[in-house]
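Shared chain: subunit A. Partners: subunit B in the first complex, subunit C in the second.
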Partner chain A sequence: MKIKNILTPIAAGILLAAPTLHAETAYVSNEKDDTVSIIDLDTMKVTDTLNVGERPRGILFSKDYTKLYICASDSDTVQVMDLKTKLIIKELPSGEDPEQFALHPNDRHLYISNEDDALVTIVDTETSEVLAQIDVGVEPEGMAVSPDGKIAVNTSETTNMVHWIDTTTYQLIDNTLVDQRPRHVEFSKDSKILWASSEIGGTVSVINVNDRKIFKKISFKIKGVHPDKIQPVGVKLSDDGRYAFVALGPSNHIAVVNANTYEVEDYILVGRRVWHMDFNEDQSLLLSTNGISGDVSVIDISKMKAIKSIKVGRYPWGVIVKP
Partner chain B sequence: MQFNSKRTKLTAAILLWAATSSASANIEVEISYLQQEIDNGPVLSNILPEPKDAGLKGAELAIQDSNTTGRFLKHNYQLNSFLSGSPEQLLEKAQEQYTQGVRFFVVNTTEQTLQLLIKSLAKDALFFNAGSSADQLRTKTCLPNLLHTIPSRSMLNDGLAQWLKTKRLQKVMMITGSEPNDKAYSAAFKRAAKRFGLKIIAEKQWSFDTDLRRTAQKEMPLFTQHRDYDVVFVADERGDFGEYVLYNTWLPRPVVGTQGLSPVTWHRVVEQHGAAQLQSRFEKLSNRWMNSKDYASWAAIRSVAEAVTRTNKNDATTVKSYIRSEAFELAGFKGRKLSYREWNGQLRQPIPLIHPRSLVSQSPQEGFLHPKNELDTLGFDQKEINCSNINK
Partner chain C sequence: MNLAASWYCFKGILIREFLRFIQQRSRFLSALVRPLLWLIVFAAGFRAALGIAIIEPYETYITYETYIAPGLCCMILLFNGMQSSLSMVYDREMGSMRVLLMSPLPRPYLLLCKMVATALISLTQVYAFLLIALLVEVEPPLIGYLTVLPALLLVALLLSSLGLLLSTKIKQLENFAGVMNFVIFPMFFLSSALYPLWKMQESSEWLYWICTVNPFTYAVELVRYALYAELQTEAMLITMIATVVFSLLAVTGFNPKKSGR
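And then the complex of A and B:
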């Protein structure tokens, strides 16, 4: 604020240019290497590889991007990394085998799925206090909190359900049966629609949040690929409401779905066994982790094509972009 | 602080939950698990014996998994398990269970005992074969109320032969043990060799009775002396002499079959496709590694539970027709959805090829194509069998 007083037009110009000087970075968790790779999105190169806990899978940032949360599954903890010092500053009591998690819009409450224990654990990231543990189905996996903060959703891979949790009471309010092995859930920006991918079922269920019923089921078809190999995992919705991108696992493609008509418009070829994705800030690029090829594909959204692949660690799992 | 307001909401939530769930009635599913304890006789390689509860623990885990799911739907699963060395006792138990209303039977026995059990109960009982790999049951006997979750010997050997073909290990020396099961295993391999174009250049019968723990290094090279072979195939299902073939062959060649690189239903080294989670749940339950028999029993009960979950019914007729319909799919931690072949009730599944410390490959191998489903390149395809009575 004080700087404002001494601002000259030139200084303002430099400040405006600052975001491009300070490149966006992507963070990738490498499940089999116990590391997180950092990619500079200007040079498209890995600039750093950080040692973290065992079997890192789900990763996410605090709202202000100062902290990185890491599900260190085999260390049975969620680690908190200070992004300035790149040091682990805290380990949260996550329950056993944390796999995926979601941060409540309040920036404090972390909803964690405990894959081995059929539980969802809710932790206050400031006090490290466990607020609640909720019984869900076998192998809880996908986690999401609605943007309005009212509902948390978890999927259980072997029970094949979407479990709906009230974020004020921490109670289970409903369950929706979906196709085999639900992996990932994603809310629309207005919190009205939930997308849930079923890896073995080969479908994405689109669910009305109000009545918690499936109103559309999307399936996929890629020429030359056996239907059994089309296994939807990650889902990412674009902010403009136009697209849903669905990572199709061992089919090595990402489906481009029209988020209004639910028709599949295109398939983008990426690396082998594609799982999770994230956009850069202006959403001109989409990054995907490819487990078997051990790389990250960079997709140019204007061309709907992968333009670059970046080698990272072994079995990259999650990817998130810091502006 | 705000605890009071929380509590009112909580009560409201419970009321809502009760209201929605009272609409659907409770469903009880009872499953009978019958295991025959088989004495394989004394074997030379007796250092690492098979666990006695192989199969049972898989069934128990499946019940646990299904109940975790079931509590959200008010479905409850119960396992009644019986282990005995005598087929007559198992038969008695099966009849008793049937009279008490049980219609789902998971059977881990020999081929003969399985047939005896099926014949003794009315046709509305549904059986899962989780123990016998006999090809005969899938090609000729073909009982309409029988499904198989354990792969046949042909499925296993097709998986192995595809890999040998891919690796260009074409010339095979075969060594077969003296038991009928070993001969059946060899017969399945010969069929696979013919299907996938491998050449059997020598066939040997194992009939020695020396203690190989002392003399393998002397006996085995002579026994495997032959001008040229790419690979040695061993058929020794009970593990009598097979372990001593490795590293003792005349020519330094890989060993495959029941020892060495083996095609299996399941093994601890399978960890992809979420299998790591199944493995750790199993270890927590039983303090040992999950094996093929455990997996077959697990898959059988999970199939019943999947049908009950989707149909909301627990009668054997509905469950059976759902399992045999196109809608059925089972997530079995093998990277593909599993379903049953309509022509002989066999569960289609990828076959892991393992050695005791790692997964080497998983069949079907790439490039072995099938007009409908590549998994059907493993085992008997529809056209190869005559099971006309299966849909009765």
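And then the complex of A and C:
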């Protein structure tokens, strides 16, 4: 009887603790397969592959991780997936060819870049209403909303500009010229600095958000790799403010940049044509999608080395981690 | 066979080999310089050539340096194995082998002692090489340095038994250089030491076939897996069988009287 009294709370404790032991999962959009792969980060294996709209690229979670937003570029829509049932529950009017998008900190407004229409579309995810469409440069691509929610930023690949949008008035307030083919933008946590990668220019511009001027331009050089192959795409900043990771496309490397001195400290070898990245929750791991080799590389941040590459679908594009 | 006597004999041969090794410092250096040149100079030109596919036992993309490191470890063993049999021919010519063979212990045992002594000395060179390889970021897991030990020992025995076998067939010291070129280089290049076999298969089916029957390929793969704490059973079995076959052939074919003079 006594033993039972002791064991019952222990058993209950184990049962209660079980959900917190739940493994982190990574969601990867496979551009060519029209699927999303789910990777268990404990076993480092693909546990499920879900069919979604055509040419899925940008992917995002809602703040509470109950919904997954998918830019289904060739279906001209943003799909909303319920993560419990893994079913598409809604399609949002995204405008044509949505490629990248960003969710406003209010968890409602999606800022979507429409590559073919030179527009940024703002959609309310609850009412599915288009709040505004803003003209930007030719071939808009990168999209970000500052963590303080005041500014949205879009990059246009052909105009080579960073476009600054006021999130209260939905007006274009300024443009900053950067190097050729800007692909991705990322705000620092304090919303004071913006990092913008230029694919053809081969640089990353670091921009002061206050005056919207470039104060540092970072270029890259990898031993044994032709400079033409060094094409910066995805940028990811660590929460501790120490590092910026820059995916260098067909050079098959990720640059580790010191986020304080803006010096490149290291290059990490990953798969072919590395696109985008995301951290796991405690930021001990960084995942990268490698488009041509069709896999996701997992980087151990403490060692600054890729420790594993996991095969996913064809042309993986975006990756996000659910804690 | 008396245990104490055989230990005494083994110790004697090991010390003799070790002394020779210490006295020939240039041999130690040249054994290290050769693979290091490959690792640092040759691999630099091919650095980006690999890293296009993941092959076992690697979990992710690797640099060319990382790929060729196990092959270069085996290169050290290959050259040492051959060099030790070269010394056997020398010993035979100079007569010191006869002193050794005056021992009352069985001849196969004496030859085995010689092989093990050579293998142990080669291992120190391999570990020195692996330490230097850390500088070019060839970083196997720590446990790999331990698990690779038995694999290296087996491969060292394989190559010294092959060297011994060759030395039984060579009458004169001068002939040996030619055999080294006919044995060492084809063995090294027609294996998975410098390029994965699937790459070889892409360019030529028959070259690929030769690589797959080359025991050195299995030696390299055994070391490659062991360095990452994994066991490649097929490679291990083939290396073991080849070692036993070469040793038997060498021991039975060994004739101390055979000399060019």
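Everything below uses one rule, namely that the second predicted complex is superposed on the first by the 303 of 323 C-alpha atoms of A that agree within 3 Å, B and C clash if a C-alpha of one lies under 4 Å from a C-alpha of the other, contacts with A are read in each partner's own complex, and residues count from 1 in each chain.
In this section, contacts are C-beta pairs under 8 Å (C-beta built on N, C-alpha and C of every residue); 3 or more make two chains touch, one makes a residue touch a chain.
Given the structure is predicted, the values throughout are model-derived calculations rather than measurements.
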Task = Using the touch criterion from the header, give the chain among subunit B and subunit C with more contacted residues in subunit A.
result = B
Ask   = Is A:Ser309 in contact with subunit B, with subunit C, with both, or with neither (first, second, both, neither)?
value = second
Request  = Report for A:Ala23: first if it touches subunit B alone, second if subunit C alone, otherwise both or neither.
outcome  = neither
Inquiry  = Looking at A:Ser297 after the superposition, I want to know if it touches subunit B, subunit C, both of them or none. Which is it: first, second, both, neither?
reply    = second
Inquiry  = Looking at A:Lys223 after the superposition, I want to know if it touches subunit B, subunit C, both of them or none. Which is it: first, second, both, neither?
reply    = second
Query = Is A:Asn160 in contact with subunit B, with subunit C, with both, or with neither (first, second, both, neither)?
reply = first
Ask   = In the superposed arrangement, does A:Leu50 touch subunit B (first), subunit C (second), both or neither?
value = neither
Message = Using the superposition on chain A as set up above, list the residues of subunit A that contact both subunit B and subunit C.
response = none
Subunit B to subunit A touching residues, read off their complex = 6, 9-10, 13-14, 16-17, 20, 65, 68-69, 71-73, 274, 277, 280-281, 284, 309-310, 329-331, 335-337, 373-375
Inquiry  = For the complex, give me every residue of subunit C touching subunit A.
reply    = 44-45, 47-48, 51-54, 59-63, 139
Inquiry  = Could you list, by residue number, the parts of subunit A that touch subunit B in their complex?
reply    = 97, 115-116, 118, 135, 137-139, 156-161, 163, 166, 168-169, 171-175, 177, 179-181, 199-202, 226, 228-229, 250
Query = Considering the complex alone, what residue numbers of subunit A touch subunit C?
reply = 223-225, 252, 269-272, 293, 295, 297-298, 305-309
